[in-house]
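Common to both upcoming complexes is chain A, partnered first by chain B, then by chain C.
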Partner chain A sequence: MSDMSTSMKDHLRNLVSALVNLSPSRNIISQLILLLPRDLRTIEYSYPEISSPEAKEILAQLGVRLENTVRRENFANKLYEFIHKLFDWLDDELVKNVRLNLAKLTGLNIDSLPNPYAEWAELVLRKIVHEKNRVALIDLLRKLSESEEYCSERDLQTLLNEIRKKFKLNPAEFEEIVQICIGSEEERIESLKPGSYGYSSEYFEYYLRHSEYHLDIILHEYRYSAFYHKTDYYRLRHRNTLREILRRVNVEEKSKYERG
Partner chain B sequence: MAEGRQGFVNHLSNFVNALIHLAPSRNYITQFLYVVKMNGSLDYEIVEEAFPEIVKDENTRDAFARIFGISFSDKVTLERNGFGWVLTEFIDIIFKLFENADFRSKVGVLLRDEYPEGLPNLVREWLEVRLKGLASVPELGDDAVKVLKEIVRTERIKVDDLERSLNISRGRIIECLRLLELYKLVNKEYDNSYRPTEELQRYHDVLEGI
Partner chain C sequence: MLKRRVSTKEVKRKKELSERRFHKRYETIAFTEESETPKMVVMKAQEQILKAKRKGISIPIKEVSPLKVPVSKLRLHLKKRHYSLARPQFLPSKTFYPAKPLTIILKPPKSESIRVPTLPPMMLKRTTTPIPKLKLKIPENISVRPLLHPVNIKELRLPSLSLKPRSLRLRLFTLPTKALKHKALLCIPFSTYRTLISKEKKEAISISPVKSTTIASIDLGGKVPDSVVELFLTTNDERGIGNAFKYVGEPIYIVLVKSPTKEYECCETIQYLCIRVLREVGLPTEAEIRSAGYSMDEIERYLGEKAITIIDEKALIPIIKGDFKEFTKKSLEVTFENIDENALADRIKDIGKGLRFIIFHVNENIAKLFYKKLLKVKSKFHDKIFLVKPVDLSLKYRKKLAQLMWGLISIHASGSYDDILGEGKTIYYNKLEEIRSTVSKGYMIMYPKISSHISGEESREHYLLKHFVAKVLVDNPPHDLELAKIRKEERYEYIEFEKVWNEGIISDAYIKNDDVVIEVETLFGEGKRGGDPIAKIRDITVEKYIKSNIELRELWIIMENITMLMHLGDLWSLYNIYKRLYSKKRIRFKVKFFTLDLKNLRFVSIEELIDQIKEFPNI
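Moving on, here comes the complex of A and B:
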């Protein structure tokens, strides 16, 4: 892009920088909003910065409802949805090669382009390594990141059962691990692939599965063909990024352990 | 709790600055995306003239198409659920937030050092940018501003009446009206009369500085 003016590059860099500053790894306001709903006491304990009346008033303006259970609404809800899209966009999950094209247009090295999903997943993994069942958690995440891109409900259940048996997890521990890594709540996302609805006799519906820390690993895809015949499968996402972070966190934790 | 309070102020400052920097009045890229979005679709020639840095070079154009989900053909449109679409939808939400005087005032108190004149109303700011852009359109800008001022003054007016009151030729008035519609400053009504858009009605004083 030799004929691209400096100002154009600057505007694109500024845009990326503004987006990254909204990401939950860089900002407690976005982080808090992403993790809702949560118990008020948990929020106040985890985020002492928000204890002042002014902070609470501003959070209320942003759509954070500070009741016994803290919930999001209005602006906060839209920001929550936007953060998920941003995660996908800058981790090449929305469309491929966003990072490569952004690097070309901005003149930045692709590795120096921030990746909000990678930053967030790393924060989450560094928290997970202190959990009681960390070995099982890490093992499940590793297996998910090393699986084929698509899997069936049966494949997923088989994988989960392996983990449950291998680590002799009781039902409560097993459920906790599933919630942290995969989650159960699904949110419908309209038409991720443009043109899917067109005049074709088949169409697709996509549901994002929200885990406790929003690792966004599973996209549940439904395909409706002629006569409403429905098939569904899971698409495992962010696998390359997760693999890389797991490797890095693991190496660091091992060396910490060896240093005692 | 001074440390906790200051911690919140720092995060709030980063957060608010990030939102402000996404506004189309502050960023050429979001301006391009938002102009396409607010028009639904735009003629390729118009976009090429207004945003040559994005559109003229084939490689840049293709990269933008891929990154932001933009369709470039005779018309330029944002693909639904592409990132450009998602971002412009989010900008609408930012506009709504920053139009709320209560929000601006409460945040303004904590960020007084950074924003001594208060937080910007980004809707008003975007309107000012469009008006300045309109006024600077070569050859047509001055007349377009005259036509706009007359529409605002009368609140609702037809082409015939504009022709009479402004003493500008009908053809030129029609050209001006096209430009005003492109900038989303006026709406054409069912009876072919023209009215200022709601934003311009809310902030019509902005026109005084033009």
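Moving on, here comes the complex of A and C:
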């Protein structure tokens, strides 16, 4: 019995390792798949490895279509969805205390169990801090991470306007920042049938808003009540993780500045 | 008309001129070969034209053939537009001179790297140090068995305490007058206290346990009366006079001391307050006043029938078998001693069902004796017996009390509590009716349309209060509202009464551009919720908005002054709870309590009302 339980633990550890290594923060292929669709030239410039015929073959097998615009198909699409699920699951967005429970079950220290979303977000933020409007970017992300869990469109718009005025951004710069932090493209990820939650007449639809690097902070929730009246609000996700990372990145940047 | 002769010289000059103009025009063109001047090019062209003219044939043109390129390759690729902050500059025409050879340098377009550097892959391994496991011990036996035999308490003596506290928490009244200026609770070193004490008259030091500070005590810096009755009535009861006017589900006996002078007479005021309490509970409010000329049987019958019964001392004559005027103090005591307690208890048991007010309005001497007699029998049924005495407030404060109770109106009457408060009530209702009339005449012209309750009944007071709200919002809106910035004639369009939300919630009033919802609360008929009318505000009025998704900035609860004053303590606590919840972001809107100012047509906040109450000498 004890041998069996030990092997089960090993299996779980392997599974978690596999999931962690699947994260775009640790695997270049999943990173490429996550960031698609893009212009071929951009992809070739960013990932020079793919120019070899062997790499092209690998990507083709995974369902990445290399044309003028590089797109994902078939399995790559599923992988893309799975990466999002992985982010949410191990960052306690779907279920609470997942990493804590996994650490207990695998007998690992929680600090040695990586959080794929946190890793990814940190790498993205470290890349972003070298951009031109990094201060505005970081400020917007900080405000989003510090605001309440639910907000209306008006609140979000007010926040964005504040940032635009504060940093005197021109429309193009502002759009760029919004694309990196919030994004504009929405994808329906789930819908609850009438009566499955709350009143029999009401139902819900959830749309995930993809940002440029898939920080995906905003979940757009639609609620259809009786007579198909629609109310919608935004749920801000990964707030605690973002807050923690921003604090860490900020401290490091400050120390660099002081040293430099 | 004769034509002017043109000389050959003139023709030549014209030719030269046109040539010059022609050459000038072509000089601006930039050429790559320096050997070919513009003049030469023009000459060549002229020669060609002349040759052609001489031959008399046109210059042959090659046939136009389509480009042999697949169409798909001709398709333009739309590229990502790169925004540039560099503004285009307009150069003066002189800069084109002298013409320079144009060289185009072709560079590969700059691409943006989207690559995010990755971390090395990892394999999860076991931690070197195993996680400590919690081992549960066998639960310890924590019971303490008695080691000593029980002894009689009388034999025990209290040990002499020898405390040397470094600091003492002192109640306000124990402090010397110098210290009274500061705060209600002071924490001072013991040595300082001793020096202060030595200078002034020594008083008993009472060491009180440290009480947790509440918001009410912090904000107000003093006591908030539970009810308005504390302002003009006193009682010797520890429970407080406020409890004499609350729903308990049992009859309440009030022995009201008759004032020797008429200026503190308040029997009718108490009767009115009892009517209000019964209206809140939703019970009938019939009252009966028994003063004289009734037999014992009649009194007993009426006691059982009416919700409020006021028994004057004259009506008690049949019970004590004699006239009070004929009795001396001692003989009165003897008379009351002789009353059969069981018989009295039985009588009271007979009428002891449901909330009912029985007010004994008697002289001070009799009141105490009667109260004692009632107290003797209290253990046999219940203890809701209060000895109540009016406070000797001066005319200024009696008027102030009436103003606070009746919408801060100005009162000119003088006399007893009953006289002043009675006049206040009449003016208050008349003023409200006047406002209703004004507002209803201006429906959809100046004021918003006010409909009665869509669902359920509506009291007259509730209806009148809605008109007052409309009047204030249009004529004198609070300055912090966006509504105040709109022209008076257009304000009514932004106020909606009986607003029905999609979630089935109905608001009494809604200010559109401010996201403010107004709820009018009279609390009538709401005491059925465990006899606590305030529970309606907490569990329904506010809760329905907390659970909904309505975009709301503030929720205003408007109440009549008398209602707010009767529940002041509870409302103040509730207000502070919501204030704290909002500050901790546990609710998304502010909850504010307001009452009426009919004189200045404005809303008065609960804080302002309490500030005015603090002026009373007995608070």
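Criterion: the second predicted complex is superposed on the first by the 247 of 260 C-alpha atoms of A that agree within 3 Å, B and C clash if a C-alpha of one lies under 4 Å from a C-alpha of the other, contacts with A are read in each partner's own complex, and residues count from 1 in each chain.
Operating definition for what follows: a contact is a pair of C-beta atoms (placed from the backbone, for glycine too) under 8 Å apart; a residue touches a chain by one contact, two chains touch by 3 or more.
Every value quoted in this text rests on a predicted model; they were computed, and no experiment measured them.
S.K.: Chain A superposed: clash or fit between chain B and chain C?
M.R.: fit
S.K.: I'd like to know which partner A:G107 touches here: chain B for first, chain C for second, both or neither.
M.R.: second
S.K.: So, A:W89: does it touch chain B (first), chain C (second), both, or neither?
M.R.: first
S.K.: Should A:V251 be classified as contacting the first partner (chain B), the second (chain C), both, or neither?
M.R.: neither
S.K.: Angle chain B-chain A-chain C between C-alpha centres, in steps of 10 degrees?
M.R.: 120
S.K.: Would you sort A:V135 into first (chain B), second (chain C), both or neither based on which partner it touches?
M.R.: In the superposition, A:V135 contacts neither chain B nor chain C.
S.K.: Regarding the shared-chain residue A:N68, is it in contact with chain B (first), chain C (second), both, or neither?
M.R.: second
S.K.: Could you say whether A:L40 touches chain B, chain C, both of them, or neither, answering first, second, both or neither?
M.R.: So A:L40 meets neither chain B nor chain C here.
S.K.: Between chain B (first) and chain C (second), which, if any, makes contact with A:R26: first, second, both or neither?
M.R.: both
S.K.: With the superposition applied, I'd like the minimum CA-CA separation between chain B and chain C in Å.
M.R.: Minimum over all C-alpha pairs: 7 Å.
S.K.: Same chain A residues contacting chain B and chain C, which ones?
M.R.: 17, 21, 26-28, 104
S.K.: State the interface residues of chain A toward chain C in the complex, per the touch definition above.
M.R.: Residues of chain A touching chain C: 13, 16-17, 20-21, 24-28, 31, 35, 38-39, 41-47, 68, 104, 106-109, 112-114, 119-120, 123-124, 127, 148, 152, 154, 170, 172-173, 213, 223, 225-227, 229, 231, 233.
S.K.: Could you list, by residue number, the parts of chain C that touch chain A in their complex?
M.R.: It is residues 77, 80, 83, 85, 109, 111-124, 126-127, 130-131, 502-503, 549, 551, 585, 588 of chain C that touch chain A.
S.K.: Could you pull out which chain B residues touch chain A in their complex?
M.R.: 1, 4-5, 7-8, 11-12, 14-15, 17-19, 21-22, 27-30, 53-54, 57, 59-60, 63-64, 66-67, 69, 79-83, 86, 90, 93, 96-97, 100, 102-103, 106-107, 109-110
S.K.: Going by the contact rule at the top, pick out the chain A residues touching chain B in the complex.
M.R.: 1, 3-5, 7-8, 11-12, 14-15, 17-19, 21-22, 26-30, 48-52, 54-55, 57-58, 61-62, 75, 78-79, 82, 85, 89, 94-95, 97-98, 101-102, 104-105, 190-192, 194
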